[in-house]
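Chain naming follows the written order as A, B and C, and within any one chain the residues start at number 1.
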Amino acid sequence: MTHLDAELKKLKIDMLEMFGLVLSQLNKSKNALVQFDKDLAREVLVNEKRVNGFELKIDRDCENIIALLNPLAVDLRFVLACMKINSNLERVGDIAEGICQFVLNIKLELEKELLEKTRLIEMFDTSSIILNDVMTAFELEDTRLARSVFKKDEILDEINMNANESVGEFIKTHLDRINQSLYTLSMIRKLERVGDQCKNISEEIIFYIEAKVLKHKPLSQKEDMSGEEN
Amino acid sequence: MHKIESKNVELYYGSFHALKGINMTIEKNTVTALIGPSGCGKSTFLRLFNRMNDLIDGVRIEGSCLIDGKDIYSKEVRIEELRKRVGMVFQKPNPFPKTIFENVAYGLRVNGISHATFIEERVERSLKQAALWDEVKDKLKKSAMELSGGQQQRLCIARALAIEPSVILMDEPASALDPISTAKIEELIYELKSQYTIMIVTHNMQQAGRVSDTTAFFYLGELVEYDSTKKIFTNPTEIRTQNYITGRFG
Amino acid sequence: MDINTRKRLAENTAFWVFRILSLGVIGILFSILGFILSKGIGVVNWDFITKMPEDGMTKGGIYPAIIGTLYLIAGSMLFAFPIGLMSGIYTNEYAKEGFIKRFIKLMTSNLAGIPSIVFGLFGMALFVNGMGFGDSIIAGSLTLGLLVLPIIIRTTEESLKAIDNSFRHASLALGATKLQTIRRVTLPMAMPNIITGLILSIGRVSGETAPILFTVAAYFLPKLPTSMYDQVMALPYHLYVISTSGTNIAESRSMAYGTAVVLILIVLILNLAANALRRYLGKKYKIN
């Protein structure tokens, strides 16, 4: 294995660790909310510092690889993709942190009815699945799996679209729960962003493996496996 | 204890002040790149450590150079013993006009080793270390001159490795080679550092980045900056270093 | 006439002038050889090269002169080659740049410029009389040796100088001493060219008359030497004698040409042998 190969392999292992860390932050934030576990929420806040530290480390590693080892072609795209995925992941970490901050702020446990109506749990689960998918796609260099994310993200979009209405309805009947209803709405907005970050990650994965730029393309083109770049 | 150390080294060629008060320490099993524009003293500095500068008339050296804590310019040091411990690879591949086998065995023979099986084993091991064995194992009795430039240079590395030095000095070892051969030499350097301490002079900035752990930037006989290669290549302290590595002068 | 036509014309003219002159040189060589051969080949036969001279050198063979010349070649080389080689090695490999080295080089050149008759006189004074060798093979060999010493020194020096320093440095960097480097690397690499110098010296030694005139050569001695203190006949001197002061110059004219043919053949054979050796060494130590 060449020096560059060794460094790229290390970078990939670090990236997967970053993925795992962020995924666990997201799952923990869900559990903190569902179980209304404020200790768990605090743990997520503490771990966020680790995520930030990891982001800086990966950035530095990428910088060193580019400065010292002059990667080219697929290697260069890989390093560039890692830098971008890295900041996407850090954002997801921020979102998990934000949700846990809400958990600490909310005084009463969320109403079951509210959760069901807004499909918040489903949203958590879906975003977790999507993040898991992009991680697997990154690990296995599976662009088909990466492309599947664009479709799954539509579920998050749909839940997000309906959120205003469902939260509004809930408030009508539970005027004493306005505060937590608004927090719920904010969480939905945040989780919708997780889907967007994952889509960006997918685009970066496809960029480095297939050298195709999918940014700002309509969904139909993104999902087309055989399609020429245009 | 540092593997290699130079303390206030001053070197003059006649009246020309070629090295000005160089202080540097190099750790074991690292690759140190010496960079800088032509005539900056980096090759001269490299040649201090196997005393090749002694071959030039009118050289005067002050200060001290230490390897494993011992001053290599002290009176007790036998120059042949020193050169056995400090191997050197030159800019131009310079195998002797002998067979491939005899080229690698040369250092052993001149150092008084004549045991045939021992020499055979050592030749094979050195050629393997230099990643050349598979290419030459069937033609060890052929002239080394029949090899390609890149192979010749790896042969020269094998020749240096055969006498088991602990330090290897390389003076622009890949500057006369094509890109593929260069990549092979660089990989070799990367692998050899687990067993040897390597100093390499290079004009190729990217090469310094790829192979070295620490980098020393020389300019006009001075050591301008000496730091980890990562630091030098991403955030050098000295503005002169930055200008040089970004290609803005030199 | 445009510039290109003129350039081509000049080019062609120069090419033909150079070519004709070069061919002219070859022509001269061949005419000498042809002249000698046509006149002398008739008398050269087995008896001519294996019999003693008879009848005041007008009949018989030139056997002792051939043997004498071979002895002188061997003797002078035995003396001059090691000394020349070593002093060539010294000046190029050991002597530091400076006055001494320049002085040695200057003196070597001067030595080469001394006329051969002066060597003969010097040899007579030093070896024949001074050291008491008398007219003898040893005195003649030493004198001839002195004559070719500068050639051997010079070629050794030049052949060593032609070897890239990187080979010396490579050897020294492996812990070899200077002597080991010379013996194992530089000298073997220089040898093909040094052999060329040797060939030149052999040609010179076998053809010189003046240095042996007072030191070894016998006018007429129809027997082989038994020790290195004996006199011998030698081909060039024999040739000189029977062409100028023989008992019967006219009678021995064809003998003279025959002797010249033999002399040329000996030099030719030695040259070929040395050339083959040079080629063999050159192949062994080939440098791209």
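Just so it is clear, a contact is a pair of C-beta atoms (placed from the backbone, for glycine too) under 8 Å apart; a residue touches a chain by one contact, two chains touch by 3 or more.
All of these numbers come straight from a predicted model, not from anything done at the bench.
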{"item": "Any chain that touches chain C and chain B", "value": "none"}
{"item": "Centrality ranking, top chain (CA atoms only)", "value": "B"}
{"item": "Chain separated most widely from chain A, comparing mean CA positions", "value": "C"}
{"item": "Interchain centroid distance [CA atoms averaged], chain A/chain B, Å", "value": "49"}
{"item": "Distance between chain centroids, defined by C-alpha means - chain A, chain C (Å)", "value": "92"}
{"item": "Chain B contact footprint on chain A (complex, rising order)", "value": "2-4, 63-64, 67-70"}
{"item": "List of chain C residues in touch with chain B within their complex", "value": "96-97, 164, 166-167, 169-177, 180, 184-185, 188-189, 284-288"}
{"item": "Residues of chain B defined as touching chain A within the complex", "value": "183, 186-187, 190, 206, 209-211, 229-230, 233-234"}
{"item": "Chain B - residues contacting chain C, complex", "value": "50, 52, 55, 57, 80-81, 83-84, 87-88, 90, 92, 94-98, 106-107, 109-111, 143, 145, 156, 159-160, 163"}
